[in-house]
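Shared between the two complexes below is chain A, which has chain B as its partner in the first and chain C in the second.
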Partner chain A sequence: MSNIAGKSYAMNTISPLPWHKALVLKLLFFIARFRTTSFNGLLTLSLIHYARWAILRPGDFPHLDPSQPKEDLKYHYEFFFSNFNGSWDQYVDSFSSAIPGGLDLFWRGNVKYPKSVPFRPFHNYITFNQYWTSHYYNAYPMAASNDVKSAEHLRKELVDFTRKVEGASPEAFKEQYDQLLLSLQYDLSTMAPTPVVSLAAAAIDGRERPDAAC
Partner chain B sequence: MSNKLDLRDVQGSLLKAYGRYGFPKSRYVFYRVNDGSQARKLITALLPLITNSAVWKGPEQIPDSTLNIAFTYEGLKQLGVPEKSLHSFPPEFSMGMKARRDIVGDVGVNAPACWDPIWNTDGLVQPVHMILWINGRLVERDGQQVNTVDAGYQRLCELVAKHSAGVEQLSGHVGDEGDDPSYQDGSAIYVNGMPTAKEHFGYTDGISEPYFDGCGSHSSRVIGGGKPTGGDPKTKAGWAPLATGEFVLGHRDEAGEYPAAPIPSVFAKNGTFMVYRKLHQNVATFQAYVERMSAAIPGEHAAEILSAKFVGRWKNGAPLATYPTKESADQFAAELNQARLEAKQPGAGKAAQERYEKLRLELVAFDFRDDIDGSRCPLGAHIRRVNPRGSLEFGKTGAFNTPGALINRRRIIRRGLPYGEVRDRSSDQGNHGVIIVALNASIERQFEFVQQQWINYGNDFKLGNDQDPILGNRSVNESGNDRMTIQADPRGKQPPVLCGDMPTFVETRGGDYFFVPSLTALRMMGDGIVDPT
Partner chain C sequence: MPNIAGNAYGLTTLCPIKNGGPPHRLDEDGATLPDNRSFGAILRDRLEDLPCDERSPMARVPNTYLCRFFVLDDLIYQGKPAEEDHLKSKYLVFTSNFHGDLETYLHGMWEHAADAVRRIWEHCVAFDRVTDAGSFVDYIKKCQVETTFYFMGSTDVSLAEQLKGLYLKQEFSKFAFANQGKSAAELQAAFAEFAARTRPDNVQGPTWRPGASQLKDAVVEGP
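Moving on to the complex of A and B:
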């Protein structure tokens, strides 16, 4: 079991909240979608690959087989799913320092939610409600979302460039090439496996790093 | 909130950058504890010699040499610190630096197999239990410079000899011919007989210093040393003191909480954690690489420009963010030097002092808001990585609760000095580099995070796996090398400079994690009365 695959940490939490507070939260989520500034902080946190909050009613939980015992759920639940660079332990400070208001909004009304500052109760709350990942698959283990965005930009610029320089003189080619480099100067970084962010996860991976000769 | 620290209880290294008080030499001495009872007596005997952080109000109060002490987890265990207290230490400390090598990036050429013999022992548990380090002041008597470190070391050895059954001094530091392997010396690099602030690559080092609540420094030092507020970085309004608990245990930190610390609380309060690292510098490889890549820099002074782009400062210390051209940086450095000399003149007036202080602030009074595109200081430059000064909002002012949201909990107090001398600049061989002494309340959250995410990786800066050009260990990447993009002005016509095939310039030669107790905690340890119940 590991919550880490490649450059992504898998974070799932399922936390209870009363039905009437779930309704209020749904309304707030709806309004937030239309306010362009709502996710400014979240989007600026480029270490986050993906984040989604959703409200689940008791009946939304899957009942996969008649042998699965029926559950009598008294609460609605908030499901939070996110992938981000690094590990939860490494970046919990960044989340609660950068967007405390946003976090408090997203978990508003959840049972025993302690607020995001101070961070230790928040850390404990999330960890307590975390749904630990038994299997986590990452199709592009060497890519963080920043790498993907850069790759997309690079592809587009490169395709445009090849069109522009078709039949160009050496001078014109050089000018276009310099322009290409300039437009890609934030997208040319190395892409390689993630550093070891957790010794436990590394042990699970069984990753071996060579101790080279001096 | 102002926090009054008991400076007499905090060890001197934490609040005093000894080098700034005219201490250009240091000696690091390591011991194994063989007999806890005798070693405790030694600690009690050492107590009056340990330098604290109380302000030196005049030259007469400054000692010729200082002495400080710290312990590894194994050392605390051997000294009889109770199990319950031991188990309350953060795991990264109890594991030690060698066991954390994958987190820190000490692999490949930085791996423990390449460390000095004192650190390169079988197994993960190191024999080093205790470090005592001496800093020596530049003293002249009868026109001759006195080696104050030798005198301090002599005094220490005499005291240790009285408790020789308790501890054993460990040997195994690799040095040049004639160096004593039973201790590690550090020294400022001397030019014309006088100590400088240079390191072996030629950069001016040790300029930035975190400013925190209760640190005792002059309030103007908050500029560039505190946390960014979003105000003008050239004024106090642009900065606020960091919380004491980012550096000193037993005080509130930036999260408004008390940092994780051992119990009982009186044992932890006013203590801190320390990382000791010996880093070798591949001077020849660095010079050759700069010369080779500077062919891509148009115009004059290509090598100097490239060197400045790697670090974010010109070699004279002027920050690229404020002084983007060599001419402006040289002029600034000349003015600063002149002002320093005038301020040091006997009978120098207040005006001379203020002029020097105003110019000195220019070294640190900046951020990257006017340079979000990195066309002056590259996004991957060393100083922009290890202290991004609010730039991780990427120009989206107000995106975060505070501009320093991702930075304020990653700051580190740096001490240490260069070691050895470069005898042949055309070779990487020899024993020269820098002794890093890093102080912070959480080794994992501060030192290890910076080392891993910001030095050996680049995602937080949107730089993929690119590493710190100076400190990055290229063996972390499978290719064994790294690259750096030196951004051009996006509105101009010049393309960026792409530095590829970048080799490793700095290699680890050993070190470990230490607990630096307060004077109170040392007294408790010496008396054997630490009781966490």
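Moving on to the complex of A and C:
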């Protein structure tokens, strides 16, 4: 079991909310899809690879066969899945500090949601409603979200540069190269395996062998 | 489509697991033993036994950025005065973030990791009707729930482009550091060697291996 794959952490929370508050929340998310500024706070934090919310009615739980009993639930449920860099505390505290209003907007209708500030009740709420991941796969465990974004910028610039300097004199090459370094100054850095961010992750690293599970 | 952000797709599935458990299991000598584990517990054990990083079966599935599996046993009771809710089935929760469209992705999953797919979904309701890539696609679509909002904080280019970018970032950062202060002619010659070795416009290789967790064996030369 591990919520951690390299530099990425998988958070899963599932929390109940009454049907009428679920309707309002769905409307808010619908509006947010067309108002991209709604998520500027998340983009500024820049520690998320991908995240999603899914709000399910009782009838939305898949029913595949008559032998499977149908769910009969009193609440609707908000599923939240996030892939982010850093530790659980860093992530949750970043959210509370940077976008408390946004957090409250998307969870305010949930049963016993305490609000994102102060920290301690909010921590308790997330911990209480969190589910642990059994298998987490990350295609680039050594990279943070910012590494992936800056790598894409660097790749494009480098491909252009390589074409541009074909047949150039050494002096012209040097001039272009210096410009390239200037344009890439925020993208140049090397990556490495993740530092240990938790005792659980350290224990996993410790027992890992070529054929062992993660 | 709320499941999509640019070219990235957020697949969310809840696959019901059969209630109960197997009547027995066999020990190493083939003798019958009672197995008290439920199908959900067996599945959880199998998920936790999967190798990780580059050895994960999901590393073989084209265009997977990040994905996860866990068993949803039940819903959490929030305490009074809230009402109590319980699930009548356990669910395998499988979510994936990938590049491209759903059908191509699931076909790739079956083509490159069918052995792991069969082992993971074996005890899920109605999975016994899955016999090939087409029926697997149909099955997963029945288990899919709509993502209400999908947030992309990274890029939506193909995984091959992402991995090539990371490889180039690593190599070019080292190159820039090692070649400071060189004359124009020396620098040009060194870059020619660098470009020939790293082939920046070839996303197939050299590049980073999907799921690579250590620098020493991260690079693959490609075709």
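Everything below uses one rule, namely that the second predicted complex is superposed on the first by the 193 of 214 C-alpha atoms of A that agree within 3 Å, B and C clash if a C-alpha of one lies under 4 Å from a C-alpha of the other, contacts with A are read in each partner's own complex, and residues count from 1 in each chain.
One rule holds for everything that comes next: a residue touches a chain if its C-beta (ideal position, glycine included) is under 8 Å from a C-beta of that chain, and two chains touch if they have at least 3 such contacts.
Everything numeric here is computed off the predicted structure, so don't read it as measured data.
Student: Quick check on the superposition: with chain A as the shared anchor, is it clash or fit for chain B versus chain C?
Tutor: fit
Student: Looking at the overlay, what does A:Asp147 touch: chain B (first), chain C (second), both, or neither?
Tutor: Touch status of A:Asp147: both partners.
Student: Taking the superposition as given, does A:Leu182 touch the first partner, chain B, the second, chain C, both, or neither?
Tutor: A:Leu182 sits against chain B, while chain C stays out of touch.
Student: Just checking: does A:Asn12 make contact with chain B only, chain C only, both, or neither of them? Give me first, second, both or neither.
Tutor: Second partner only, chain C.
Student: After superposing on chain A, what angle in degrees do the C-alpha centres of chain B and chain C form at the C-alpha centre of chain A, to the nearest 10?
Tutor: 130
Student: If we overlay the two complexes on their shared chain A, which of chain B and chain C does A:Pro118 touch? Say first, second, both or neither.
Tutor: Only chain B is touched by A:Pro118; chain C is not.
Student: If you stack the two complexes on chain A, which partner ends up touching A:Ile48: first (chain B), second (chain C), both, or neither?
Tutor: Only chain C; A:Ile48 stays clear of chain B.
Student: First (chain B), second (chain C), both or neither: which does A:Lys74 touch?
Tutor: second
Student: According to the stated criteria, A:Leu23 is in contact with first (chain B), second (chain C), both, or neither; which is it?
Tutor: Neither partner.
Student: Is it chain B or chain C that touches the larger share of residues in chain A?
Tutor: Comparing touch counts on chain A for chain B and chain C gives C.
Student: Can A:Asn129 be said to touch chain B (first), chain C (second), both, or neither?
Tutor: So A:Asn129 only meets chain C here.
Student: Considering only touches as defined above, state whether A:Ala192 meets chain B (first), chain C (second), both or neither.
Tutor: both
Student: Minimum CA distance, chain B versus chain C, superposed model, integer angstrom?
Tutor: Taking the overlay as described at the top, chain B lies 5 Å from chain C at its nearest C-alpha.
Student: Residue overlap on chain A between the chain B contact set and the chain C contact set?
Tutor: The answer is residues 43, 46-47, 147, 150, 177, 181, 188-193, 210-214 of chain A.
Student: Any idea which chain A residues touch chain B in the complex?
Tutor: 7, 40-41, 43-47, 85-86, 89-90, 93-94, 96-101, 117-120, 144, 146-147, 150, 177-179, 181-182, 185-186, 188-197, 199, 202, 209-214
Student: Enumerate the contact residues on chain A facing chain C in the complex.
Tutor: It is residues 1-2, 5-6, 8, 10, 12, 14-16, 25-26, 29, 32-33, 39, 42-43, 46-56, 60-65, 67-75, 77, 79, 81, 83, 111-112, 128-129, 131-143, 145, 147-152, 154-155, 158-159, 162-163, 165, 168, 170-171, 173-174, 177, 181, 184, 187-193, 208, 210-214 of chain A that touch chain C.
Student: Quick one: in the complex, what on chain C touches chain A?
Tutor: On the chain C side, the touching residues are 2, 5, 8, 10, 12-16, 19, 44, 47-53, 55-56, 58-59, 64-72, 75-76, 78-79, 82-83, 85, 87-89, 91, 93, 95, 97, 125-126, 142-155, 157, 159, 161-166, 168-170, 172-174, 176, 183-185, 187-188, 191, 195, 200-201, 208, 210-215, 218.
Student: Which of the residues in chain B come into contact with chain A in the complex?
Tutor: 100, 102-103, 105, 107-109, 111-114, 254-257, 379, 393-394, 396, 398-402, 405-406, 408-409, 444-445, 449, 452-453, 456-460, 462-466, 475-479, 482-483, 485, 487-488, 490, 492-496, 498
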